[in-house]
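Across the two complexes that follow, subunit A remains constant while its partner is subunit B and subsequently subunit C.
Now for the complex of A and B:
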């Protein structure tokens, strides 16, 4: 049996507010690969993607139980980093904005969630991504991470835009499970 | 043969000063490590020491891109005895929180070339205070043409221990036959 298995792929046939994965299976680690675009119309040419977790069969946690870290470069010379606490989600990716950025460009994101079912650990994530735009658009290349302050085994998670705008039609998300034996 | 293969998975049942992946077969094209680790060093973060084939000589070099404040920094080191990858939470970090590290070692069994490493590490925390969290990437080189047959990982900052529940998985990756 394969070590990496595709659990589910979601391809958005129409603009959609969020995607939730709730059949996570029994793996050691999870990875999500995404090609996405937001419909926010942000003045910054980009949006951000958030992730929220759930455990114990309940709803995803919308409380201020998340902390984030990030390091990024934008444009030709600017670079920065930062951290945030008391967040309602982990900021895990930048997203091209279809209303501002070049129309055909979607952003790319790879997100790792290690030991997601280990009840002795808070859930942490690590991601790397690019907003993938060019020309006059603001471009971001970033690595980021975060922690959900909850040791419950993750049984669902939701991805949504920071702006709460829809993902644009054509956005695609694939969840992989990675085994350890 | 499958493209991805688990060579070894270790979840610590008790604290340990290091984790060794030994007797690594040369039958794969690349190696990949995923680690979720915390140390008992009384700091907010720690870094992985990485050594190959038991080589403790000054045969390692690396470039690091690192942030623990609003200003990312880069550094370079040559003739070192280990690589440093910031990806371990320390004892002062938020309880039950483990760092994440991923490490690629391409062409590890090639006996013509020096060995390269590409790693990413994140140390999240419920703090915005400088250097109580880190984000980093590393590009490393081991100046040896020997095939890699063993890898040792250890918390290098204070030479303390990995704590219970830290996990380490080594994968062997195959190309097309």
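Now for the complex of A and C:
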């Protein structure tokens, strides 16, 4: 029996607004590995990445039911921490390089979603990520977390850029399921 | 050095048919029986042919025998890229009293400031390294996180690195076929140092 299984891989062959995973299987935990770039034309090198959850077969929750916490270092050698409540998404799910970065630079992200199928716990995530570009006050290496204040079993989630700009083609997402004993 | 390399036929090929099995495939395990200045991991054949994987993951448990002030600084180099400034690095760590961050170019991927010859006997440091998109046409990026205790000090931290080369993009887009580990701070890996390398597969068959 495999302990870690690849549930689904999404490789973007064209620019796409978001990715929704809705066949989550029966696992203990989920992991998403992502290499992404945003079509954002921001003056910053990055675009934050949102995650929103759904339960009970309904749409993903867009209410102010999410909290975040983060610790990061920027490419200008400063470091800081932050937190927020009442958010409409966990915007620390990951990060994307923006179009300000050179074409071959994509961000790297690992996102863990713990005990997602439990119907008695709020859903907590932990993420580690980095822009592919460094050397600016708007390039980042980060470790972060977040909570969805809903005890429903997660049956879908959507990932999208904070700016709502499309993901650039070549972005890649793989969802893994981790089994328990 | 006791080295195990998995050159068997990949498990995802069953009677010539593509299947989805274990997403993490053990490729190489190195356990040092004596000291070593460098540890080299290379793509070979069978399951250890890295061209079939989306990502690589390293789990490192290591100790340096150097007793200098800055011992235990572990570095990686990809595809024999030793260019000064060949790697673009953003690093953040805490050393027991303060948090430090630094952005710099250098000739290595920082994989942790973990355990050196000054630490308590038998202490080793842990580092976990993710190498993303090793066969993609994108720039090759690496995320590492580590922890090394030293009687309540030591360091814990994380870093992101992009391979760039000093000739723009020269090293960035070729597939990764070799990883070399060494102590930036000098010294040798001690006996008992262990490195496990895994290949990470994507979903192979349409769900």
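Quick note on the criterion: the second predicted complex is superposed on the first by the 169 of 181 C-alpha atoms of A that agree within 3 Å, B and C clash if a C-alpha of one lies under 4 Å from a C-alpha of the other, contacts with A are read in each partner's own complex, and residues count from 1 in each chain.
The rule we apply is simple: contacts are C-beta pairs under 8 Å (C-beta built on N, C-alpha and C of every residue); 3 or more make two chains touch, one makes a residue touch a chain.
Computed from a prediction, not measured in an experiment: that's the story for all the values here.
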Checklist entry - Superposed on subunit A, are subunit B and subunit C clashing or fitting side by side? => result clash
Item to check | Partner chain in contact with A:121 - subunit B first, subunit C second, else both or neither | outcome: first
Item to check | Which of subunit B and subunit C A:17 touches, first, second, both or neither | outcome: neither
Next on the checklist: Looking at A:69 after the superposition, I want to know if it touches subunit B, subunit C, both of them or none. Which is it: first, second, both, neither?
Outcome noted: first
Next on the checklist: On the A-aligned overlay, A:79 touches which partner chain: subunit B = first, subunit C = second, or both, or neither?
Outcome noted: both
Checklist entry - Any idea which of 128-136, 146-154 or 164-172 of subunit C is the one running into subunit B? => result 146-154
Item to check | Footprint overlap on subunit A, comparing subunit B with subunit C | outcome: 2-4, 71, 79, 128, 143
Checklist entry - Considering the complex alone, what residue numbers of subunit B touch subunit A? => result 2-6, 9, 34-36, 65, 67-72, 94, 96-100, 102, 120-128, 132-137, 164-165, 167, 169, 171
Checklist outcome for this item: Listed in rising order, the residues of subunit A that touch subunit C in the complex are 2-9, 23, 33, 35, 71-79, 102, 104-108, 110, 128-135, 139-141, 143, 170, 172, 174-176
Checklist entry - Which subunit C residues qualify as touching subunit A in the complex? => result 20-24, 54-55, 88-92, 99-103, 130, 132-133, 136-139, 141-143, 145, 158-160, 162, 169, 172-173, 200-204, 207
Next on the checklist: So in the complex, the part of subunit A that touches subunit B is made up of which residues?
Outcome noted: 2-4, 28-29, 67-71, 79-86, 112, 114-115, 118, 120-122, 124-126, 128, 143-147, 149, 151, 178-181
